[in-house]
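Heads up, there are several structures right after this.
Shared chain: chain A. Partners: chain B in the first complex, chain C in the second.
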Partner chain A sequence: MPLSLYYYLAITAVNILMSWAIYLPYRVAHLHFITIANMTISGYLSGYLVMNLNMPFFWALLIGFAAGGIIGYIVSLFIGDAPTFAVVIVGFTFIYITRTVVENMPIIGGTMGMFGLPNIGGKPATHRYVILGILWALVVVVGFLIHRFDNSRLGKAASAVFVDKDLATSLGVDIKKLGQTLQVFSCIIAGGAGVLYGFIYKSFHLDFFTFHLVGIFMTTIFVGGYSTLWGTVLAAPILYGLPLLFPAEVQSWRIVIYGVILILVLMLKPEGFITRKFVHSIGIALSRKREKL
Partner chain B sequence: MQEFLAQIINGLSLGSIYVLLATGFNLLLLVALIIHFSYPQVVVFSMYIVWLVLNATGNNLFMGIAAGVLSSIALNVFCAPIFQKVMKNRGEVDVNATMVLSMAIGFIITDVLSHSFNRGLPIAFPETLTGSGPLFRIGLISIQAGQVWSLVVGVIAVSAFFILLYKTRAGRAFRAIAEDPAGARLVGIPLLKTGIQSYALSGIMGGVTAVLIAMLLHSASPGLGESIAHKVLAVSIVAGLGNLVGGLVVGLALGILEAVVQGYVSGTWSNAIAFVVMLVVILWKPKGLFGIKV
Partner chain C sequence: MKKLVGVLVLLLVAASMSFGQAKVVVTEWQVPFLNSLTGAIAAIGEFLQWGAEYAAAEINAAGGIAGKPVKVIGVDTALDPQKGSVEMARLVKSSLVAMGPVPEPVIMAAMPIAVENEMVSITATTSFEYAKPYFPWTVSWFPPTLDRLPPLVVAWAKQFPAMKNVVQFVEPYGPWPGMAGAHSNALKTAGIKELTKVDVPSDAVTLGPLAVKAMAQKPEGVILVCNAEKAGKIVKELKNLGWKNMSQILVFSSADDPQLTNTAGADINGVQVYNYLNLATSNPRWDKFKVEFAKAHNGNPPFSLSPNYYDALYMIKEAIEKTGVTGDPKLLKVERKKIADYIANVKGFKGLLFDWDMKDGIPTNKPTYIFQFDQNGKKSLVMEVRP
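Now for the complex of A and B:
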């Protein structure tokens, strides 16, 4: 498999997972950027476990998921029902604190980063197939779970919270519990995605986990459509792939391009390209076709 | 003791910058009903314009400062119709959508600065603007021109803003919209015009702040806006969104905290400590210490 195709498929999968990690809490109007700090923490933790303690990769991956979930749970106890802007600033603050801590810890490479992570399965080619296999299996599993959630009573409760918190409360929705559940699940996804993100490059560096990730994931969600999971599936491969078609000079303006696209979409298609109504109409069309058959 | 006093003076001048930024940010939130997260990025953009014009005019201070203030007003007013369009699309006031939009504007500004100005390298302001050395020194305490200016101009600007807000007709219109937009419309206050005025006013404050930050820090980098943006949003949340008096108290407190920590802890950790303190307060009181006003 060509290296460029491997990176394209792998990073696209990470972008889908991470955008979903932000999409889920956004169902109750929480922009939960702590997920990016979770990527960093779980990533570096797994790297340390594999490099220094010779722990098998799969155990390190599981610990990465768990670390994300534990941090997400502790923080959600405080911000499970906080206003959106408070959740945003908690996320940014966590990113800052995490970066400072990593910078000042020589044991995990500090500002130099952590290089030379081992291949999973011995050979570089096997490593690539294993990483891609895990990533896309996760995309399928997480996508299925989110699909089930979206169509469940909880999903409908989340939609009610998004539209009107007071109305949702009067309908009996426990806003805090719902917010906490979504935040924890999103942090678990982010923890695992962080581990895999580093293992794609077989290294961890603070430059991997900067604020530009916020821009990429936010653009993916808002351009694709923030009201269904399918928007992300459509937007992630296009937004990551599109700049790759242009010369290197244009590619370096990627964040500006994303910013402009995001502004235009917010102005012209506020709900993004794939709306819930659109998904619903496709569902009806498909069921009619099935009935005819 | 002397060292502590020196850090308090540093903190007051840094805090006055935070107060100015938080006031401009809160004004937009109260009157235009937007969370302009990237307002500090607009300020940093103006700093770059000041640098550019100073370089182009052989350090003509008047031209540099005027360009900084004008660019801040222009950029703020240019953003106004974009914010209005997004809010109109939503059919109701949706501050979260404006925050996402503002973040996008911030990404663009930061990336443009890191590509187009000084090849992305940090810029240094000339001594014509920053002053050549300390104004005076008493033991360990040395006072720079930037510190004095930021404190004096900060106090004057915020006082002028509060006088405008509480003693003038325009200020009453601002406060009426902040209190009840529908009621303000009913009594004949033009919402759009007053909103645009608030963009322009916060632009003026932004331009002044840009010059003061340049005098205080002597340099700027593309990432500066992001780091200040997070602090200003944190100040506003800790104070209580839209709470002008709260912003004043918390802005000064953050400046002093940061300066004192910097005096005793290694530079890289000092920012993190300020953020940890803010984080603890936000987690403890997500609606702010002084109460939300929007």
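Now for the complex of A and C:
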């Protein structure tokens, strides 16, 4: 497999997973940016476990998932039913706190970063196949779980919370529990994605986890469509891949092109390209075709 | 008869030399440069790119590399590790050699790809600590921080025998805390007490409280290890708080760019700074570079890192010519290794400002300088410090 294709596929998978990690809590109107901090914490933790304690990668990955979940759970006890703005503030604060903590921990590289993460399986080619395999397996599993959630009673309850919290409460929805569940799930995904993100680059640096990631994931969700998981699946490969196809002369205009696309989408299709209605109509069309057959 | 024999011998030697030298197969040498041409450090990326392209124009005017022209291809990584890694993955497929990436996060994401594919990519603007993990597929442009900085700080401190204590302002970015650590070692060596460091948060906007915190310790000297804008602001704040001995403020090299003087204004007068770039040095190449740089940059003199990729391209030229690299795609692996081996131990390399040697990828004899800002915000040389 060409190396550039590997990096494209691997980073696209991380972007899909992380966009979903933000999409899920957004189902109850929570913009949960603590996920970026989860990526950092789990990533560095796994790097430390593998490099310093010689722990096998798969154990470090599992611990990365778990660390994401534990942090997500503790925080969700306080902001499970908080308003959108409060959740955003907590997320940003956590990103700052995490940065400061990492900067002051020489044992994980501090401001310098962490170099030389080993190849999983010993060889670079094996490493690549393992990383790609895990990432895309995760995309399938997480996508399936989100699909099931979206079509479940819980998903419908989340939609009610998104529209009107009071209405949802009057319908018997436990807003806090629902918010907590979604926040914890998104933090688990982010923890694992952070571990894999570092192992793609075989290094960790604090600037891998900056606010620009928030920009990437938010653009992916809002251009693709924030009311269904399929919007992310469409937007992540295109938004990440498109600038790579630009000729060198246009490269410096990349941000402008990116911005124009975003503005156009927000003006012409405020719900994003893939809406729930669109997915529903495709579902009906497919089931009719099946019936005819 | 003797003359005829002499001529024949010379012809024979020349013929045998040309027979032994492999033929260049490329019509043009292409050197990709992974640079941050857009994003937060685009201004730095621009003058690094300018230096490399200026070198290419100069080399081409003088006959190219082994008789073929060279082209520097700017590859924008936009300060983004995601983009940097994909671009590097594209390059390693067929490029003979590359320059960059810039800066550290992109280096860390992209250089492992160059290493895995055994291709040299010269990271000429980062510190030794960021280059070393990728040896021998890059070289360091600077000696190890713990070797190069202490002599500088000791030399600065010796100018002021009455100075008994110093406070450092440290911004936690990349190698900067490590550099502050090297300053601390130097202060210890010089018998100067180091007061409690003042942390400068990366997102700090108002720096007055930090200056007050430092002044409360009654320091007699100050070392600034933060970006240029913050250093400029701190200098202003210290002056507002009554700081008098301006030359007892030392600014570290990474903050030596136009933002420092633009921010501090006239308050910068008397402040000292250490750096690798001596504008007062004179030689025909460097003098011409200064004129052309000023023309292209609104009359500004070359900034701190502007000659680095100029020199990097010349180093690649020398490696190709001295090792007989042909550019033949079939010999890619072998020729990449030849370049790596050559540049790691190049001797007497004729840089834009001075000649230097490399030993195992580390420069051994590059001079450093301490300057002082004069009344017009211009720097005058205080002293040269050699390792």
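Just so we're on the same page, the second predicted complex is superposed on the first by the 278 of 293 C-alpha atoms of A that agree within 3 Å, B and C clash if a C-alpha of one lies under 4 Å from a C-alpha of the other, contacts with A are read in each partner's own complex, and residues count from 1 in each chain.
In this section, a contact is a pair of C-beta atoms (placed from the backbone, for glycine too) under 8 Å apart; a residue touches a chain by one contact, two chains touch by 3 or more.
Every value quoted in this text rests on a predicted model; they were computed, and no experiment measured them.
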item	value
First (chain B), second (chain C), both or neither touched by A:Met55	neither
Contacts of A:Pro2 with chain B and chain C, given as first, second, both or neither	second
Touched partner set for A:Val214, first chain B, second chain C, both or neither	first
Chain B versus chain C as contact partner of A:Tyr240, first or second or both or neither	second
Chain B versus chain C as contact partner of A:Ile63, first or second or both or neither	neither
Chain B versus chain C as contact partner of A:Phe115, first or second or both or neither	second
A:Leu262 touches, of chain B and chain C: first, second, both or neither?	first
First (chain B), second (chain C), both or neither touched by A:Glu103	both
Common interface residues of chain A - those touching chain B in one complex and chain C in the other	96, 100, 103-104, 212, 252, 255
Chain B residues touching chain A - in the complex, by the definition given at the top	35, 37, 82, 85-86, 89-90, 95-97, 99-101, 103-105, 107-108, 110-112, 115, 226-227, 230, 233-234, 237, 241, 268-269, 271-272, 275-276, 278-279, 282-284, 286-287, 292
Complex interface listing, chain C residues touching chain A	37-39, 73-76, 78, 80-83, 85-87, 89-90, 92-93, 104-105, 108-109, 112-113, 116-117, 129-130, 133, 172-178, 203
Sites on chain A touched by chain C in the complex	2-4, 6-8, 11, 96, 100, 103-104, 110-113, 115-116, 124, 200-208, 212, 240, 243-244, 248, 251-252, 254-255
Complex contact set, residues of chain A against chain B	29, 31, 75, 78-79, 82-86, 88-90, 92-94, 96-97, 100-101, 103-104, 211-212, 214-215, 218-219, 222, 252-253, 255-256, 258-260, 262-263, 266-267, 270
